[in-house]
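The following blocks contain the structures, represented as C-alpha cells.
Below are two complexes that have chain A in common, paired first with chain B and then with chain C.
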Partner chain A sequence: MGLLSDPNRRRALISMLTRLNAPICVVCYFAGVAWFMGLAFEPFTLRTYMSENAMGSTMVEERFPAGERALATGREFAAHKKKVGGMPVDWLVKNMQDRGLEVFTQSFSRTLPFPDENKERYIVKGTNVYGILRAPRAPRTEALVLSAPCSPGDSNNQAVGLLLGLAQYFRNQIYWAKDIIFLVNEHDLIGMQAWLEGYHHTNTTGMSWSPLQGRGGSIQAALSLELSSDVITSLDLVLEGLNGQLPNLDLANLFYAFCQKIGVLCTIQGKLQRNDWDSVSGYSHAVQTMMLMVMKQASGRPWGDHGLFLRYHIEAATIKGVNSFRQYKTDATTIGRLLEGMYRKLNNLLERLHQSYFFYLMPSLSHFVSIGYYMPAFGLLAVILLLRALDLWVQLNTPPSTTEDGVADIDQVRHTLLSVLTPLVISHLTGVALYALPIRFQETAVEHFPVSETEAVVLTAIAIYTAGLALPHNTHRYYIMSAVPDVRGWRVLKLIAVLYLAVLLGCTALINFSLGFILALTLVPLAAFVTPHVPKVLSAFILVILSPACTLLFSVFFFQELQEMPVSFQDGWLLYLSVISQGILDHSLYGSLVYPLIALLVYPCWLLFWNILFWK
Partner chain B sequence: MAAPLTLLLIVAVTIRAALFRSSLAELIAERVEVVSPITAWKRVVEGLALLDLGVSPYSGDVFHETPLIIYMFHFLVDYAEITFMLADVITAVALYMAVKEYNKQVFRKQKFALEADRYPMDSLELIRSPKEMYYIPLKVAMFYLLNPFTILSCVAKSTCGLNNAVLALFFLSTIKGNVLLSAIFLCLATYQSIYPITLCAPAMLYFMQRQYIPVNFRRVSFWWFIVQYLFMYLGSLFVLICLSFFLLGSWDYLPSVYGFILSVPDLTPNIGLFWYFFAEMFEHFRLFFLCVFQINVFFYTIPLSIKLKEHPVFLMFMQLAVISIFKSYPTVGDVALYLAFLPVWSHLHRFLRNIFLVSCVLLACSVLFPVLWHLWIYAGSANSNFYYAITLLFNVAQILLVSDYFYAFLRREHHLTNGLYLKRKDGSEATLILK
Partner chain C sequence: MKILTLLGLLSACFLANSINIEVCTSRFWFNYRHVANTLSVYRSVKRLGIPDSHIVLMLADDMACNHRNPKPATVFSHKNMELNVYGDDVEVDYRGYEVTVENFLRVLTGRLPPSTPRSKRLLSDDRSNILIYLTGHGGNGFLKFQDSEEISNVELADAFEQMWQKRRYNELLFIIDTCQGASMYERFYSPNIMALASSQVGEDSLSHQPDLAIGVHLMDRYTFYMLEFLEDIHPASKTNMNDLFKVCPKSQCVSTPGHRTDLFLRDPGSVLITDFFGSVRKVELTMDAINLTDPIKQMEENPVNGEEQKEVYSYADQLPVSEIIHQKPKQKDWHPPDGFILGLWTLILLVFFKTYGIKHLKHIF
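Our next item is the complex of A and B:
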C-alpha cells in the first residue's frame, strides 16, 4: 500500500511516468509487437499434450475395413445428387435406414437479407437428413455428431460416402456409450444453423425450420468431414469457429495423436509442420501458420461447418481432406480408421472436454501458445493507452496559470461538457447509421443506381463510413462562439476516447484475442499521438490509413499473401468488397459479432480521434 | 431549482419507460449483477403465484423477499413498472431534499465557526461557498437517477430499488430531525435486509448532535436518548414482524428471509465476495467463515462511529458503502445508492488521491462483468475464476474509493483545525502520510 498512500513516492512515480511518457509508449509498442512475433518461435511455445485422462491412457484398435465400399456409396450418392439436382433426400433416408439408424429429416428455409454473390444464393430452401445410432451400452444422455455437407457440384461426395460407410460399421460395434448422430446438412452453414437451432430449441436468427422429430442426448463433440477425392495426401484441421471461438485443445490433440499413430500427414492452416525451427525459413513458416490462424480468428466467421457447434458448448472441428501433387497418398479406409479411432476415444469421455486450453494459438499442430503467453503482447499495447490516459489526467489536473472566478469556472465546465458530449453522441449516431442503414436502404439504392443489391449494401456502408469523416468538423461550431477559450476540451475528449478504446480493446481481446490484437496494433499508435497540434494533413492521412476499414483492406492483402495466393490490386479490391458483404451476412445469418462491433463501437471510437485532430 | 429537478425526473422516467418497452428488459432482468436471489422480480412473481394458490410463498426455495413486499405487490403487480419508477423518483427527491437541508446546516455551522474565528487563516480556501453548493442536491439526484446501475436495477424490477427508497426516506427524515419517522424508516429498511441496522449509530449521533446531547457515556441524557430511539426502533420492528406474522399466518418467513441473508445458502455468482469463497470452502469451515464474513459487515460500525462521531452524515455514507460492499447478496442497485452521495463530498476532490485509478477500474470492471460472464456461461471457454477475479477487483476498487474519501474527509478536517500549509518543527514543509 506504500505506493497508494505515500505522497512522495507517488509524486516521483507520476512525474517519471509523465516525463518519460513518449519513450515508454514507443518501447511498449515495439515490445508488444516483438513479444507477439516471438510467440511463433518454437522454444517459447509448449508442446501439445493430451490433458483428458479418459482419452489419453486408453488403447483403442481401429478396424474399419470398408473404404472402397464407402467410396462406391459416395459415387452412388453423387449420381443421385445429380439426378435430383440437389440433396437426394429419399435416397439418403433409405440408405441410412438400411444401415439400421433412426432417420429423420428437417426442412428449413431462409431468405438472406441480400443475395450472397459468393455462393449465389438468396432464398435458401433445403433439407437436413440425420440418422441416430442409439447407444447400446449406456442411457442415451450423451451424443456425438459426425457431419458431412451436401455441397453443390461434385465436391464432398466422398465425405457422405465415408459417413455412410462409418455408420454401417459403427452399427455393428457394441461398445458405443453415446448416441452417434450422422448428419448430412444442405447449404453448409445455413443448414447446420437450422439443425443446431432445432436440436436445442432456440431461435436466435429468425430462421424458419421444421422441428426435429428425433433427438439424441446432449452433444459432447462433433466432427465435420470434407472430402472431395478418393485418395488424399493430407488431412487439414480447421478449428476457428464463430466469433473466433476455438474448441478445446484436446480435440486438436486427439486428431494429431491419431494422425501420428496411423501415419497420415496432417496440417493446420494448410501448412505442414517443419522440424527446422532454428532456421529462418522454419521460423517464418511457423509465423505464417500462426498469422493465418490469427487472421482467420479475427475475421470472426466460422471457417468450416463445425463453427456453429461451439456456440452450444460443443467441441467441434472440421477435418478436410487435401489432395495435392505429393507422392504419398492415403486411401479412404485409412481416413475411416482415423475417424473410428477418434470416435472411440470420444466415446470414452466421462465429462465434457474441459481439461485443456480454450484460448490458444497454434504455430504448428504439435505446438501451441496459451493465453498466459500471448496476453502480455496485448497487455503491452494496452498499457500505452493507460499511460496516455494518466498523462492527460495529470495535465488536466495541473491548475492553469490564470485563475478564474467561480462563474467562469462553472461556464467552463458546462462548455467542456457540451463540447465533449456532442462528438460522442454524433460519432455514435454515425456508427448506428453504419450498422443499420446499408441493409435497409438497399432497395432505394438499387432503384436509383445501376448496382446489384449486394453492391448496394457494400457501397452504402463504405459511403456512410466515408461520410462520417466529414461530420465531426461541424460538431462544436455552435459552442465556439462563447467567449471562454477552451483549453481543456480536447484533453477531456481524448481522455474519454483513450479510456473508451482501452476498455473496448480489452473486452474484444478477451472474447477474440486476434481481433483485439489486430485492432490494437493499428488503433493504439493513433490514439497515442493524436492531438490538435500535430500537422493536419499528414496526421489525417495516417489516421485514415490506420482506420478500421483500411486495416481490413490490408488484412485482405496480407491474408492472400500468407496463403501464397497474392492478388493484384484490382482483385484485392473486389475481394475486399466481398469480404465486407460476407461480414454483414455473417452477422445477420449466424450472429457473428464483428460487424456490429466495428460499426457500433470501434468506428465511433476512431471518429473521436478524428475529431480531436480537427479540434478548433 | 424545481424546474431542473422536474426535467431530470421526466428524462429519467422516459429512459426507464423506453427500456421497459424494449427487448432489453428481459435480458437485464436475468443479469446476476443486477438481481440477486432476494431481489429478483421473477422470484417475486413466483411467490405471488404461490400465494394465490393458497400455499405459503416461502415453501420451496424460490421466494426470499419479506411478506410486506409480497402483499404490496399482491395489489400492485399490474402496476409493477410504475411502482419501480416511482420508487426511484422518491429516492431521488428524498435525497435531493435531504442534501439540500444538510448543505444548509453545513453552511450555517461553517458560518458560526468563521464568526468564532475558529479556522486558521491559511485554510480559508477550504471554506465552501454557497455557489459551489448550490448545484449539489441536483447533482445528487442526477447521480442517482441517471446512473446506469440504477437504471438497470429499475428496469430489471429488482426490489433493491424499494430498499433504496426506504433508505433515502430514512436519510431524509433523519436530516429533517424527525426522530419517530427516522426510527420507523430505519426499521423498515432493517426489516427488508437486516444490514441497515448499523445505520442506527449515525442516526443517533446525528440526533444527539442536533439536540445538543453530549456523546458521553456518563451522562444520563445520552443514555435516555438512546433508550428512546431504540424503543421507537424496536417497537416498530416488533409491530412489523407481528404484522407479517398475522398477514402470513406463520413464522415461515423468518428463516426464509433472514436465515437466507445470514447463512448464504444460495451461491449464485454476483458482484459480492461471498459466493466464490463459500463455493470453494470445505463444509467443515463454513460456519466459522460465515460468522467472520457477517461480523465483518457489522464490525466497521464501531471504529467508524468513534472516529466520525462529529460527522454523522459522512458516517452514514460510509456505512451505506460498507453494507453494499460486504453484504451477502449485493447488486449494482446497492452500489448506486452510495455512489449518489459522491457529489455531496465534491469539496474533498483536492484531497482524493486514487480517484482516477479507482474510477478507471470501476468502469472497466462494470464492462468486463458481462463479457466474462459470456465467456464463462455461454462460450464455455473461461471459468468462474475469471469472473471472480473481476468481482474481486470491483470490490477492491470500491473499498479504495471509500477509504480514499474517508482519508480525504479526515484530512480536510485536520487542515481546518491546523491550517492548510503544515510546517514541520524545523520549518520545512510537512506532508501527511496515512499509515
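Our next item is the complex of A and C:
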C-alpha cells in the first residue's frame, strides 16, 4: 500500500507531524532567515551579464562634445525658473524648437485628498514640456524617453541643461532608428503620471490632463536624469518602482557596462562596491546594500521618476549624479557620453528588453540574486504556516476525549462555523473602516481637534487601528450561540486564519517579494504560536509588537540606520507618521497597492489572530 | 598548304565555367559581419572576372540601408572604413525574406517555377565549377536561416547529390564560415566536392574587429584572412588549393579551420584557385604553324552543259499546317465495322423476316 493510503503508516506520519511540529517550525523559520541573509554572500550570487543579443558586446566611441554648453543652458534654465516662479514653459518650448525638436506641452491639475506636508502641495497645477526627435529614416513605431524633472529651487538645473545639450547633439546624427522623446516634467511624479496617462490614453487615478498633441510610437525604454551639480563624483542607479516593480536587469547591466567603459564610479543604493567579500565588513556591506533594496521595494513607492513607467511595461531607471567628498570629479561631458553610449545601445534594440530577469535582488551593482534563488527563503516561512494548518486539521479531526452524545455534534459543527464567521466579518469591516474612514472624516477631525488635515488623516488611521484591539471583548455579544463552551471553535478560526495568511503572503511575495518577506518575518511566528492558552498579557504585547503597524515603525528606524542617518525617537515618530501619510497619498495619486493591502487584507488577518488570543 | 598562326582557343579539352552562389543567412543589425563577409567574397570573385550573370547573391538583410547605419548605402569590411564592399554595382539576387532554405535548395537543384527570372537561377551545366559560400550562425549539423529555420547537413548533402545526378556541376567547392562549420560537410557523399570550414565541431568561429563608429563587428576572422589571401590572387596566378587550406591557422583564427578533399577526384595541389574564384579562359600561345586539314572541297569545274542539271531546292515546310488541320489517323489495317451497328442491322433484318416471312426476300434483292 502507498505511503499515504496505508492507515498504519498514515497514523505514524500524523503522529510524527504532531510531535515534531513545533521543532520543525522553529527550524524552518531560522533556516528561512539564514537563507535570506546568505543571499548577500558573494559566492551565492551571480555576476551580472548582458543577456540581450542586440545590445551585444561591441561598444561605440562616444563623441558628445558639449558638456560646458549644457551647463550654461542649465544656468539659463535656473534663471528663467526663478523669474517665472515655476516651470519656464515658453523658454523651454522655444529652446527645444531651436534645437530642431517637435515640441508639445501638456497641462494637468490634481487636488490631493489631503495636503502633502513633505512636498508642501495640495492643489497641484502644472505643465509638462516634451520634444520629439524624429528618427531620420525609420517609421515612427518605437520611441525612447529621456526625462529630467523640473524641481523647485536649485535642484536638477544641470539635468535639464544636459538634456537639452544631448537633444542638440542627437539631432545631428542620422543613426537613430527610434524616436527620442525629451521630457521635462513638472511636480515630479504627478507630472510624470499625467504624461504617461496621456500618452497611453488611460485614466486610472482621476487626474485631469490635456490630451497629448504629439506622440512617438510605443516606448521601449526610458531613463530619468537627476543632476544637481556641475561636477559629480559618482552616479547612482535607482531601480525600484511603483509597487516594488523592477525594470529588466539588462538595463542595470547596460549602466554598469558603460560605467566600466567610461570609468565613472557607479553605485547602487548610494553604496560603492567592495572587493573583500570574505571579510565580515565586506559581507555586512553587501547585506546593507541588499537590505536597502528590500526596504525600498517593500515600501511600494516609486523612488525616482522612472517608477511610473514600469507599469506600462516600459523598462526605466533613474540615474542620479552624486557630488560627495572624493578627489576624482567627473564633468558633464563625460556624463553626456555615458548617456549617449547607453542610448546608442538602446537604439539597437529590436524588441522590448525581456531576455534578462524581472525579479532580482542586487547586493551590489555587479552581482545579483534571481527569483529562483531568493524564493526558497520565503518558501521556508510559508511551510511553517502549512505545517501549522496540517496540525490543526489533525487536531480537529481526532474525536475529543470526552465525547458527549453524537446528537450534539452536528449542532456543534454549525455553532463553530457561525462563531467563526463573526470574527471574520467584523475584522474585515474594521479593515474597510481603516481604508476608507481616515480620508472621509478628515474635515470632522479637523473641526474637533487642533490638528492639520494630514495629521488628522494619519491619526485617524492609527486610532482605528488601535480601536480594533478592543474588538474581541465586544464581539462576544454578537455570537449567535454563545451558550456552548466551544473548545474547537478557535481551532477552526485559526485554521482559516493560517491558510488565509499563507495565501495572502504567497500572493504578495510573488509580486513584491520584499513586502511579502518582511510581513512573513513578523506575522508567521505570530500565527504559529498564538492560541487562547498562552499567557495573555505577554502574548498580547508580542502580538502588538509583531503587528503590521509596529513592523512599519521598526522598519522606519532600521531604514534610517541602513542609510547611516539614524534618528532619535521623536524624529523617528514624526517620520513614521509622514510615511503613513505618504502611503495613503501614493495610493490615491499613483495607484500604489501597499496601503490597501495592509488595510484591507493584512490587518484583518492580524485581527483574527488577536481574536483567537482572546477567545473565550 | 595553308599556313596559319592561330591563337588557339580551347586548347584543352572542354569549356569550363565558374558559377558562384554566395549566401548570407542572418538578419538583424548585430549580424552586420555576415553581410560584410558575403559581400567581400562577392567583390573578390567579381574582381577576378566572374560576371554577375554567373553569381547568385543572397543577402538576408539590408545592412546598407538599415536605419542604424551611420553611413547609409555602405557596408564596410575593414575598420576605419577603408573598404566599402557594397559599392555602386552590387546585384543582390535574393534579398530579405526571399533567403529561405526552400529557395536555396531550389536554386541548387534547379526546381524553380518557370516564371523565375534568369538572375535567380543557377545556370550551370556539367562543365561548371561551382563555388558555394555560406555564412551565418550555425551549430552542430545545421545552419540557421533568418532566425526562424535551419538547413541540416543531411539536406545539403542530398541537394548536392541531386545536383550530381542532374549533371549540374563538374566540380564543387563549398566554403562555410559559421560556428561548428565542419559539421556541415561531414555528410557529403557526391563525387567532386571539396569543402572548407572555419571551425571544427565544438568550436565557435570568432569575429574579427569592431568598428567604433558603426558599433558592430565588421568581419569574421576566417573570411577576413581568406580575403587577404584572395587579394594576392590575380587572374593568371598559379596558386592552388593547398595554399587555401593553410589560410587562417589557429593562431590567427582561434578556431581550427578544416577541409575535406576525399570526394574530390583531382589532387588539390593541381586545382587552381582561379578555377573556382575566377573566370579564366585557358589561353595558349603558340608560335608554331599548325596544319589545318582542308574541310573545303575544291569546286570541280564542270563543263558547261546545255542542260544544267540543277536540283530544285525548296525550303522545308516549317509548320506543316495542312497536315495538322487534316489530321486523321490513317488506318493501316482494316477492322470490321462497328459491332453495334452490325448487330442492330442484323436484329432489324431478323425481325423483318420473322414478321413477313422469307418469301419477301426477293423484294429486297
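Observations
FYI, the second predicted complex is superposed on the first by the 591 of 616 C-alpha atoms of A that agree within 3 Å, B and C clash if a C-alpha of one lies under 4 Å from a C-alpha of the other, contacts with A are read in each partner's own complex, and residues count from 1 in each chain.
The rule we apply is simple: a contact is a pair of C-beta atoms (placed from the backbone, for glycine too) under 8 Å apart; a residue touches a chain by one contact, two chains touch by 3 or more.
It should be emphasised that the depicted structure is a prediction, and the values quoted were computed from it without experimental measurement.
Shared-chain residue A:Met565: touches no atom of chain B or chain C. Of the two partner chains placed around the shared chain by superposition, neither chain B nor chain C is touched by A:Leu538. In the superposed model, A:Ala54 makes contact with chain C only, not with chain B. Residue contacts after overlaying the shared chain place A:Asn8 against chain B, while chain C stays out of touching range. By the touch criterion defined above, A:Ile123 lies against neither chain B nor chain C after alignment on the C-alpha atoms of chain A.
When both complexes are overlaid on chain A, the residue A:Val503 reaches chain B alone and has no touch with chain C. In the superposed model, A:Arg344 makes contact with chain C only, not with chain B. In the superposition on chain A, A:Val280 makes contact with neither chain B nor chain C. Chain A makes touch with chain C in their complex at residues 53-54, 56, 58-61, 135-138, 173-177, 344, 347-348, 350. Against chain A, in their complex, chain B makes its touches with residues 129, 131-132, 353-354, 356, 360, 363-364, 367-368, 371-372, 374-375, 378-382, 400, 431-435.
Taken together, the chain A residues at the contact with chain B in this complex read 4-8, 10, 245-246, 310-311, 313, 354, 358-359, 386, 389-390, 393, 406, 410, 499, 502-503, 506-507, 510-511.
The touching residues of chain C, counted against chain A in their complex, run 28-30, 65-70, 72, 210, 212-217.
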